[in-house]
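Labels run A, B and C following the written order; every chain starts at residue 1.
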Amino acid sequence: MKAFEFLDKVGKVDTNTMVLDKAMGYKTVEDMLTITAEYFNLAKYGWGTSMLVDEDIIKDKNELYHSYDIKTYPGGTLFELANREDKIDEYFQQLDKLGFNAVEISDGSTVIDADRRADAISKAKEVGLYTLTEVGKKNPQKDKEYSEDMRIELINTDIQNGADMVIVEGRESGKNIGIYDGSGNIKADTLTKLYENTPREKIMWEAPQKNQQVELILTLGNDINLGNINTNDIISLETLRRGLRGDTLGKV
Amino acid sequence: MKAFEFLDKVGKVDTNTMVLDKAMGYKTVEDMLTITAEYFNLAKYGWGTSMLVDEDIIKDKNELYHSYDIKTYPGGTLFELANREDKIDEYFQQLDKLGFNAVEISDGSTVIDADRRADAISKAKEVGLYTLTEVGKKNPQKDKEYSEDMRIELINTDIQNGADMVIVEGRESGKNIGIYDGSGNIKADTLTKLYENTPREKIMWEAPQKNQQVELILTLGNDINLGNINTNDIISLETLRRGLRGDTLGKV
Amino acid sequence: MKAFEFLDKVGKVDTNTMVLDKAMGYKTVEDMLTITAEYFNLAKYGWGTSMLVDEDIIKDKNELYHSYDIKTYPGGTLFELANREDKIDEYFQQLDKLGFNAVEISDGSTVIDADRRADAISKAKEVGLYTLTEVGKKNPQKDKEYSEDMRIELINTDIQNGADMVIVEGRESGKNIGIYDGSGNIKADTLTKLYENTPREKIMWEAPQKNQQVELILTLGNDINLGNINTNDIISLETLRRGLRGDTLGKV
């Protein structure tokens, strides 16, 4: 039973929350989950960190997360490495062997042509993986070459091709990329245009900073999908979604 | 026995230090306390996070902190929710049931009239809770409507009404609120006026950032009460208080 | 066996990485090392934090780190305190008693004359400690009084006197000191001059921020020695060194 049940509160929100695990130890994750597990449903092992961790630890962590119904997947950088080497099939097999049940298909640091991207989404779905794609370039200069219309088209194409969720890139920093300016503030016009021309339930906004989470919740609703949440901020985000922190109290 | 006892050092300081626990797991707290427990005496479970945690975990964490003589209380946001629903008595009962031994009375996100605030302080004292109040608004625009004179009067009124400690709001960020400007730097004139017109031993300055801790210690003394300290920075703060870090070495 | 072995990758780099331990609990370190241990070889217990920790915990943590071939030493602030009291010999004895196997000799917060500094380096080497020295002042105003030529001379003198490694001061913040401007950006001219006039394998650059790590790796090579790495960022740094993160993918 939760504490302070006698107080009215906004109920649990039906949403998607993706947490960034930067290669935490098993016991640290285990203790963290005793409090946070019910408040997120996706754990991403950031970028290529999984390549530096022993298989057994990866498998054990995957089992642990899955025991709480949290899906796991490695950062899209690993998909990019596999694609570059023409080893997408091996990559999906390896995910299965290690016990991952989701995958991210992206081209944040490399280039992939549209057909190949569509094909990768299809294959991922075929082998039963929950399939996320990502739109945006990790390099700010390259990211700026994407117009809003291009982003919208990429998002909607991925969805048509079968992606379960499309991530709008925000990186670990949340600065100078996608909907964020160099200070991490939201570019309102870009946000509006993207939001109004894509299906909200299939878009996940990477929002590592608290001010970004607050503004997205107040602008788009408390059930908006949010990602790249720091493990220390999972409960904080849930309080924001449910009006239990000053920033959103009485406003959600 | 502490390490490096043969070196001269500034002795342990008689002060109050409040740490912000953003809903850490039991085992993480347990391990953290093996090193930090003697260097703080108040743990705040930030804002409304306690409502999202199981009662049993809250109770166990309270016992753990109390075993080291560290008082515990939920963030003032929960008091505000209870007050809004006219359930202050139930709130105090719930605190007792969950094993909290302190309470924060505040109006950072809502409004409470002066009589009711005074009454809440009295009731909290009657039921034996260590009673902190807080002065400041979580919304920067609203916070700016408070003149320095108003802040001073609010602080001194709370103390006259029986508060054990009055917190000067700084939030988790330490920016754009109370004595801090938008970059987290201290507004020297505001600090001086507040400090000179209130009883120093009953005021706790929220100071989440290191530069704020350094400046407050160098300006007001190493025994100044400080709050909203990050769990990773407890030992760092104690080294600042005792001249064991470059910033205050030879100056305290 | 590491995960995703079938993917090509940049091999393990022969380098030095120093991690900043700000007084973490034993079990937290133990869990962290299950994943990170092979990716750093030096752990610094920051500034004077060791004086606030029980001897037994210090000894146990030292044994734990050493079991993974990671050298340990207290921050240079403790050496400065010992030097100020003319207790350098006692200091080296204490390090031995507590099980440290490295030492940092610095004058970041105090003044030490050149002969005494040289003598301390000799003594440290004699008693078998891995000997690091540090160049730079913790106070930004004082640090600015050091010209580039002075820094270069100090570094090379320490090396001639037997130092195993010379640290270029960056502090925990990485701002407004040494090669960094007030925003934490690298001053390219200063970096170039220091780099070109000192032996790269004996210099360790303190680089707490990710953008600093990226730029140093891209400018000076992926095997450049880096220090003051946050415990949460050890794996991230290793992915940067090995092209497993967008910032350096295909560039190292």
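Rule of thumb we're sticking to: contacts are C-beta pairs under 8 Å (C-beta built on N, C-alpha and C of every residue); 3 or more make two chains touch, one makes a residue touch a chain.
Since the structure is predicted, the reported quantities are computational estimates derived from the model, not experimental observations.
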| item | value |
| --- | --- |
| Starting at chain A, fewest touch steps before arriving at chain C | 1 |
| Interface sides of chain B and chain C: same vs different residues, half threshold | different |
| Cα-superposition angle relating the copies chain B and chain A, to nearest 5° | 120 |
| Cα-centroid distance, chain B relative to chain C, in whole angstrom | 34 |
| Of all residues in chain B, the ones touching two or more other chains | 27-28 |
| Chain B-touching residues of chain A, taken from the complex the two chains share | 1-4, 6-9, 27-28, 31-36, 39, 210, 232-233, 235-236, 238-239, 242, 244-247, 249-250 |
| Chain C residues touching chain B - in the complex, by the definition given at the top | 22-28, 46-55, 57-58, 74, 77-78, 80-82, 85, 87, 90-91, 94, 98, 108-110, 138-139, 172-173 |
